[in-house]
Amino acid sequence: MMYEKKGRYIVEFQDIPKARQHQIEIDLEERRGSYKEVELGFDEERALNEAKRCLSCRRCLGCALCWAECKPEAIDFEMEDEVFELEADKVIVAPGVERDMERIDGRFGFGSNLNIITDLQLERMLSDTGPSAGLVIRPLDGEIPRSVAWVQSYEAASPQMHRAALCLAVNEARLVRRKIAQAEIQIVGRDMETFVHDHDADLHDAERRQMQEGVVESAESLEDGGVKLTIAGNGTKEEKTFDLVVLMTQPRISWDAQSLGKSLGVTLGYAAFLSGEDGGLLATEKASIQISPIQ
Amino acid sequence: MPGKRVIIFGGDPAGLTAALEQAEAGNEVTLIEPSPSLGGGRISQTRIVAEDAAMEDPNLEAVRLHPNIRVVTNARIEKVKAANGSFQFRVRRRTPRVHPEKCNDCKACIRVCPIHMYDDFNEGLGFRTAIDYFNPKTGEYNIFKEDMPICQATCPANLDIRSYVGLIADGKYAESLAKIRERLPFALSIGRVCPHPCETACNRGVVDQPISICTLKRFVADWEMNNQVPAPVEVPDSFHKERVAIIGAGPAGLTCGYFLAKAGYKSVCFEALPEPGGMFRYGIPEYRLPTPTLMHEINWILSHGVELRCNVRIGRDVSFEDLRKDFDAVFIGVGAHKGMKLQIKGEDMEGVIDGVDFLRDANMGKPINARGKVIIIGGGNVAMDAARVSWREGFDEVHILYRRTKREMPASPWEIDAAEHEGIKIQYLVAPIEVLGENGRMTGLKCLRMQLGEPDASGRRRPVPIEGSEFVVEAETLIPAIGQRPDLAFVPEGSDLEITRWSTFAVDQETFMTNVPGIFSAGDVETGPDIAIRACAGGRKAALGIVRYLEAKRGSR
Amino acid sequence: MQYTTDARIIRIMCTGRVDPTMISDAFLKGADGVMVVGCHFGDCHYITGNYQGKIKVGIAARALDYVGLNPRRVFFGQCSSAEGERFVKLVTDFDRGIRELGPLGTGDRLPLPDLKEKIAVAHTALAKEKIRWVVGKFTEFTTQGNKYGERFTEHEMWRTLDTIVMDEVATHEIMRELRRGSASVKTLALQLKLPSSHVLKYVLALQRRGFAELAGIDGTSPLYRVVEQKVA
């Protein structure tokens, strides 16, 4: 899975060293004119300290406590993967999207302030099946935000992609407004005029006013968990504070879908899979393969 | 007309819509979804919708109930083949370890599960337990059991890092080393030279700094060597009669020989150079991997039943065809020792020596005319090694020229730091255009300054020349280190061995057999220039492939 | 041979008989230190009893350490019935160590009465099925392996238990507060002196598993309460 890396805290115990141990190295003077080994590895003390830092990452322990508790005896540790061959005359790829989280610029404060989240995280929060059972709350303290800003966090790789991100933001803003009637809402990004023009019939007056042309230059964390944004646009600079900031992110095709495309002999590019209108499937250079755009 | 067989990958709304359309048209539809359950509602990204419709996905139930649609969740594609207008797929469905027909969604399991973990479905907001439902709406439970921890999955040799690091923490050094040797015989050497992709992937790196996995491996190997602990040699009581020829005594070849011996097969390893070790011996400078340490390890590997014949070049001293006749299988692990050319004027002048050749000469102790200034071209680890060796050899000034910036440099950051620490000057955004000289002897290098333009296919920004920015650097030695290729001169003309356009062998990724039965290959000559542990990993897999091949051959006789 | 009169001896058949909750209970009942002394490894009448004892004392010590007790207050020692002098030395040394620390609440990371409240939480966590079950699997996992046949190192067992201890302590602490009345994540975090983002994750996990639910919204604060569990 994609986010394998994150999500656990490290338990603080006094006997577990925090800092990474460093190798013993010889001095610079000893190196010139000689081929003496530079790095000398760990002594036993350093090795033990370093080994103890290991988190021993593991998901299921295989402890079978669930199995012991399961009355209908539905749990089966011996159940094996199922491998089978399939033959098809026609292949349709609906790759869905991933978000390019690693490339979000540091100036947006993602990761350092928990009240700065991504649009996909907000989407989960808006869902009744989501982590907070449909409540929009701040991940820092569980409070309901009174003001929410959506911020463009990418350099758009294509106009279609930018449009998809803005559509998601407008839709999310509508749902947030429905859940938090008094919420102050703002969407900050580039080329807003084009977007508003293209979607004029679908937008309410109040929504048009929420769309702000601009670039966020920095996001500063405030003591109460709020975020102060510095927004530059139309030759002016302004500072504004929000309870929750949502980063609009760039969709990308998952690595799995890309490698599948490769073995089918088609190239999956962003533009290719975003340019289809309203869920229509997109034919590629091979007649029997269709690539579907994101919904 | 009977319906077509349609496969749809991805159970997102577009995939669901397509599935329904195809099924309605009378086609037989299989829907493959990578996550453990079809997704819940998703917010549209192609149009602006009314609030009521925003989260709904009316197709979900219809798809689940349609008689023409088969839904396979938690599945991924392992192999694709296209032939005669149809496609063949091998699909692997990960086991959920919960029988859905028995489960009554009572939540008893998730109440007792002791493991809280990152919740993928909810983008990390909140926890899930190791046994849990993925999407509460569908109530489909699964146990999330990783195949391997991230460090092990990232390691090309898939070393069981979690175990061997844990065994060090427990103070059980010999057991830890034995754990490593289950998959890798080169603990001493790899523990010194590996750029450790495992550490880059280490989860602890997200929180503070990753575990020093590589140096820990070195620690247990050093512990055994320095304390004169006898290294165990575990081979079967008797060997099979088949023999295997190994071409090249480098990381891949010796690893292959080691695992062949453990499986009961003797091998003969032919090495063109005077000493074994391949790139370990002739590519990696002495200050990173001392020869006595390397030889300690190689002698232990050879003692398993690998016969070494040095100074034998296949194609010159012994013909490739003879090897095929005299041995039951042949493994090719000749590495990539041929430096790439800069393709600029004056490159054949005296004073220009390729990075790989330079490192080999230095490692063989050949005298090097270390006078004045030396220029190294390139940004990889070979360039760093060449620079640091030059500095040790006594050049007055050592310069590295690289055409992009430090950010794009492929060398390991700690090698760049170490080079800078040793006083080597690295100039970025500079490209060579001509070697200048007198009477065939180099006197300087004409260069051009560059700037970064648009990203290229590798994702790195492409350097573009700045017009009129030419300048000349005076230097007597130039070391291009811009990449290597395998030297396949030993392969006889007209051989039916399949060779790729990168001068590497194409092999089956499971058995490591080339298109010619009985000939196997791994290491740089198969992958192109890569890190040593990948060569070792390939050598091991090839050994397993050879064993299976020999067993099958014996069985068919 | 003489040793301190402050020691109260409790005889058990085997160190393997020690339950982790006995140790937390002793502190709740006023002890300033607990030492468990039994046979040397290899001398066990029940073969592996003293290994079990070491693990059980170990998990109690780690849970109590985590909530703020000075780890020097818990000690696992070994001495045979023929080693009277050794026993006296163990007791005297331990007694000296405890005297240096002073009574419970001094020399620990928390003062009284907060420390006792936290020890009570650790006591609940140690009594519950999760820690108990995994502790019970310790030797099986390190010698034979788990359900998937994977063998654990001891280091890994302890790291796993550490994480479970952390989750369990936080969870039971939150449940204790919620039983006193519905509360928001913010107030829980203040009362328990935990980062509010951690509290939120645990509250949501409790909600997901049906132990807690939304009770209402006060201004901008969602309030949570305990779900009364049906007795099966």
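Each chain gets a letter, A, B and C, in the order it is written, and its residues are counted from 1.
Here is the rule we use: a contact is a pair of C-beta atoms (placed from the backbone, for glycine too) under 8 Å apart; a residue touches a chain by one contact, two chains touch by 3 or more.
Predicted model only: the values in this text are computed from it and were never measured.
**Student:** Using mean Cα positions as chain centres, tell me which chain lies farthest from subunit C.
**Tutor:** B
**Student:** Give the chain pair, either A-B or B-C, that is connected by more C-beta contacts.
**Tutor:** Most contacts of the two pairs: A-B.
**Student:** CA centre of subunit A versus CA centre of subunit C: separation in Å?
**Tutor:** One centre to the other, that is 37 Å.
**Student:** So what's the Cα centroid distance for subunit B and subunit C, whole Å?
**Tutor:** 44
**Student:** Centroid from C-alpha atoms only, then distance subunit A to subunit B, rounded to Å. What do you get?
**Tutor:** About 27 Å separates the centre of subunit A from that of subunit B.
**Student:** Which residues belonging to subunit B are in contact with no fewer than two other chains?
**Tutor:** Only 110-112, 114-116, 125-127, 145, 162, 165-166, 169 qualify.
**Student:** Could you check subunit A for residues that touch two or more other chains and list them?
**Tutor:** Residues 8-9, 51-52, 54-56, 58, 61-63, 65, 77, 131-132, 139.
**Student:** Where in subunit C do residues touch two or more of the other chains?
**Tutor:** 129-130, 133-134, 148, 153, 155-156, 163, 204, 208
**Student:** Could you list, by residue number, the parts of subunit B that touch subunit C in their complex?
**Tutor:** That would be residues 107, 110-112, 114-116, 125-129, 145, 162-163, 165-167, 169-170, 172 of subunit B.
**Student:** Write out the stretch or stretches of subunit C touching subunit B in their complex.
**Tutor:** Within the complex, subunit C contacts subunit B at residues 129-131, 133-134, 148, 151-156, 163-164, 167, 201-202, 204-205, 208-211.
**Student:** Mind listing the subunit B positions that touch subunit A in their complex?
**Tutor:** These residues of subunit B touch subunit A: 4-15, 17-18, 22, 27, 30, 34, 40-51, 54-55, 76-78, 80, 82, 85-100, 102-104, 106, 108-127, 130-131, 135-137, 141, 143-146, 149-151, 162, 165-166, 168-169, 171, 191-192, 201, 203-212, 215-216, 218-220, 222-223, 285-290, 293, 391-392, 394, 418, 421-422.
**Student:** Which residues of subunit A touch subunit B in the complex?
**Tutor:** For this pair, the touching residues of subunit A are 1-10, 18-21, 23, 28, 31-39, 41-42, 44, 47-48, 50-63, 65-66, 69-77, 79-97, 117-118, 120-121, 123-132, 139, 164-165, 167-168, 170-172, 174-175, 178, 199, 202-203, 251, 256-257, 260, 263-265, 277-279, 281, 288, 290, 292-295.
**Student:** Within the complex, which stretch of subunit A touches subunit C?
**Tutor:** Residue list for subunit A touching subunit C: 8-9, 11, 13-15, 51-52, 54-56, 58, 61-65, 67-68, 77, 114, 131-133, 135, 137, 139-146.
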